[in-house]
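Structures are listed in the sections that come next.
Both complexes shown next keep chain A, but they swap its partner, so chain B is in the first and chain C is in the second.
The block that comes next holds the complex of A and B.
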């Protein structure tokens, strides 16, 4: 029983850490309808900034803030490339992601940076008040919930309403005499700040940075949002942010399940792709039914 | 409403079955543990988890060697040893999940193959003090897994696959007495390559060479980079760079057109057409790792065990490539083991 519990704790840890990124992807994919690939670069960017600062002995919470700032800046870049230079959404994300690969390497100076002897949010400060066995999971959940609540609050401010309107009804935004482009940029800044924060938290949890850690981040993010949306599709009282977080936990749970079942890991990418397609197909079929 | 309940039910089932599966494997483990306490001595069953970071022939060889090394030292799979094996497919998220499952399952030891695997395993296992024995890490000190003396002071040690760079350069001098410049292709994201180049910069002047390096960011950059490099050098030397090695075919093809020899860093590369190599035997490295793991399992204190390297390297030479390039084998290399370029027919026959 103890082993099962600790595996579930492991899933919750990863689920809520990646969930923060899923919240960001929720903004771009779901609210803005913008396929933002920069996440593959901003996720490791957050990790790179954190790793670099922690090896210099910076306070781990300050390192998280720095990661958020770096992610926001990267999101701003994607936004400017897309809105001001009129580059297609997919491409502007790819441009930022590509550039960030080099920037991430420059920040850490190397492709792998470990810091097993430094203070992190999981082994210093308030973490010490929590029993060791559930330290990581408690902090990860707390952080994710704080981020979720802040986001819920924001989405109910004027600026937040505009953001939601952006994806649903562009003409409304324009008729309110608001700059549609600016709202989009705000959304991208938020989304990438969250992706970087998520990368930073993961980096502090695993205590090393690895240049490849962003590869496929967007898939995890999209997968989480879509799974979450599907689970709660008919429960309108469940907020989208909650759905994204739960989606991330379920996504990681499925991965852990595949590993625990002893499925050959070589097949895992294919299994993920097939599952993903199945969810999407079922989803679009149901939509079709409604229309008919 | 029904549908949503179904969905919820489905996801709950998923999670529950996950729990069940984990529970089963757990009960197996505890069964083993019971057995362990009942039949003290010869029938002890030990569980070892092998966490491999990526698919790579050298890493596979390490794993094979590790299992053989354990067997040679009395831990035989199926008899007194249960092995778990997982490959993280270069995904650090998976690496963490797998490491966590090993720790949750209370394995007796984790064998971690390649740097991120070792870091993730150590991160997960530190508080429970489950020993982690790693292999195929070029620089354990840079990976933060050992201090300057080679000891970690914690529950982690292993073997390093440092290349015999000096021997390699000496061998190139033997084969190409007239050559002046050695060219190196490396990928900018691989730490191992960068640190190997730093070491080479110190070594090559002693043998009268200069070094010319070209960095690539992705495998797709390799063809252009090779063209660039071939214009400036007398030979090319490969490192253990994964990106470059995976594009070896195109490098050798282009180099052969210009009759410029390419040296390898391991035997597998010679089979693709490299001329010669002072190579690491990754199976032997894995065996040494298995030996260390056996010591730990028999009660040795892992915190004081320094990481180890293997000192016996093997000179391997490819006669097909020598003939093709018109290089005569120097007498000093008559003892080198001979391999030949594998042609398509060879490969098909092997399959």
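The block that comes next holds the complex of A and C.
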């Protein structure tokens, strides 16, 4: 019983941590219809920034903010490459992602960086008010919900309306006397800021940075968003952001199940990829989706 | 006043498909004109609209709006003083957003899209009032997504949205062509009402010769990048659909089809 409980808690932790990234992917994939692969680089970028700052004794919340800023900057790069230099969306992301691999190594100075003795958001400050057994899961859920609420608010502002309009109908954005290229850039900034935040939270939870931790991040993000949209497709009153978070938990649940059934943890990326393929196939069978 | 001066436009320059459409094309559109433009496919009607709106770059020439050169302004910059309704109803609205959100977007044109709430509740009554002019009952469906409306309903909204804020020019790009005959008449009547009320300088491309004869104060027929007929005022009022049809047929005969 206790083993099952610990697996469930583990799934919730991972689900809500990756859920923050899924919220970012929701912006690019679902709202902007932009397959943004930069996430594979910005997720570990957030982790690298956090790891580097924490080993220098920085406040762990400040480290999260720094990660957000770094992710935003990377998103800006992808946006400029795509909008100003007119490089295709997929390629723009790949360029940023590849460049970030080196940048992440430069930030941390090596491919692994552990910090088992430093303060993190999970073992200092308000974390101490929460019973130790459920600290991580409570903080992960709280953070994900705060991000979701901020995003819900943003999507109802004028700027958020314009973002939604940009994914829906670029012509209308032009008709509103706005440059849709700039709107796309804003979307990419937000999405990559969230991906970096997600990487930073994961890094603080596992207390180490590892250069390959971003590989397949976009797959997890896309899989989460698509699963979420499918679960709630007949419940239009459920917000897309909620769906993305729930999708992330389900996605992580599936991978955890595969591990629990006996697959070695080193198979994680393969499981992630196969699961994503399964999601895409099921998704396109169900509705003949042109995007799948 | 909008002036097209010595416009040159050639498609696919330097390839075997090179096609010169406009050679030193000139046109002056007076303040308050409501111009109907007709012409066969490939006559340059839509290209002219795209050049005016800035969605197509010109090879040489100038566009003057009230004396100011606007040739270098990008499409979204020109949109500040131009409104455009497209042939396809999907182009003028956001399908995944509600009627209310669409109205709020259009209402904010030309202003900052910042971090204030997207829908200003104080404006809802005004939106309802505007929507009720369409007589489609949309004022009672504010929370309905525009994507679930019919083509005619969406086109009516597109027309309303594109003319909600102050404009210099209204560009209508075969905006009734994708609609059934009845809806097309409703949209045309509504267009005329809005154009008169807001005194908009309007350029309407249409394939409907009756609409072209019936509406507006000036009529242009285009053929192979040239204006081959330009009737204004009294002359225009006296123009009959049959007459237009005859000219149309004679052009086609000349072309050998």
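By our rule, the second predicted complex is superposed on the first by the 266 of 292 C-alpha atoms of A that agree within 3 Å, B and C clash if a C-alpha of one lies under 4 Å from a C-alpha of the other, contacts with A are read in each partner's own complex, and residues count from 1 in each chain.
In this text, a residue touches a chain if its C-beta (ideal position, glycine included) is under 8 Å from a C-beta of that chain, and two chains touch if they have at least 3 such contacts.
Small disclaimer: the values here were computed from a predicted structure and weren't measured.
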item: Partners on chain A (chain B, chain C) - clash or fit; value: fit
item: Partner chain(s) touched by A:230 [first = chain B, second = chain C, both, neither]; value: first
item: Partner chain(s) touched by A:171 [first = chain B, second = chain C, both, neither]; value: second
item: First, second, both or neither for A:211, with chain B first and chain C second; value: first
item: Which superposed partner A:62 touches (first chain B, second chain C, both, neither); value: neither
item: Partner chain in contact with A:90 - chain B first, chain C second, else both or neither; value: neither
item: Residue contacts with chain A in the superposition, chain B compared against chain C; value: B
item: Partner chain in contact with A:220 - chain B first, chain C second, else both or neither; value: first
item: Which superposed partner A:157 touches (first chain B, second chain C, both, neither); value: second
item: Least C-alpha distance (whole Å) that remains between chain C and chain B when both complexes are overlaid; value: 19
item: Residue ranges of chain C in contact with chain A within the complex; value: 74-77, 79-80, 83-84, 86, 90-97, 101, 104-106, 108-110, 112-119, 162
item: Residue ranges of chain A in contact with chain B within the complex; value: 1-4, 6-8, 10-11, 13-14, 18, 101-102, 105, 110-112, 114-117, 132, 202, 205-208, 210-213, 215-216, 220, 230-235, 250, 252-257, 259-261, 265-266, 268-269
item: Chain C-facing residues of chain A, complex; value: 154, 156-162, 164-165, 167-169, 171-180
item: Residue ranges of chain B in contact with chain A within the complex; value: 1, 3-4, 7-8, 11, 14-15, 17-19, 21-23, 25-26, 29, 55, 86-94, 96-98, 100-101, 103-106, 115-116, 119-120, 122-123, 126-127, 142-145, 154, 188-191, 194, 217
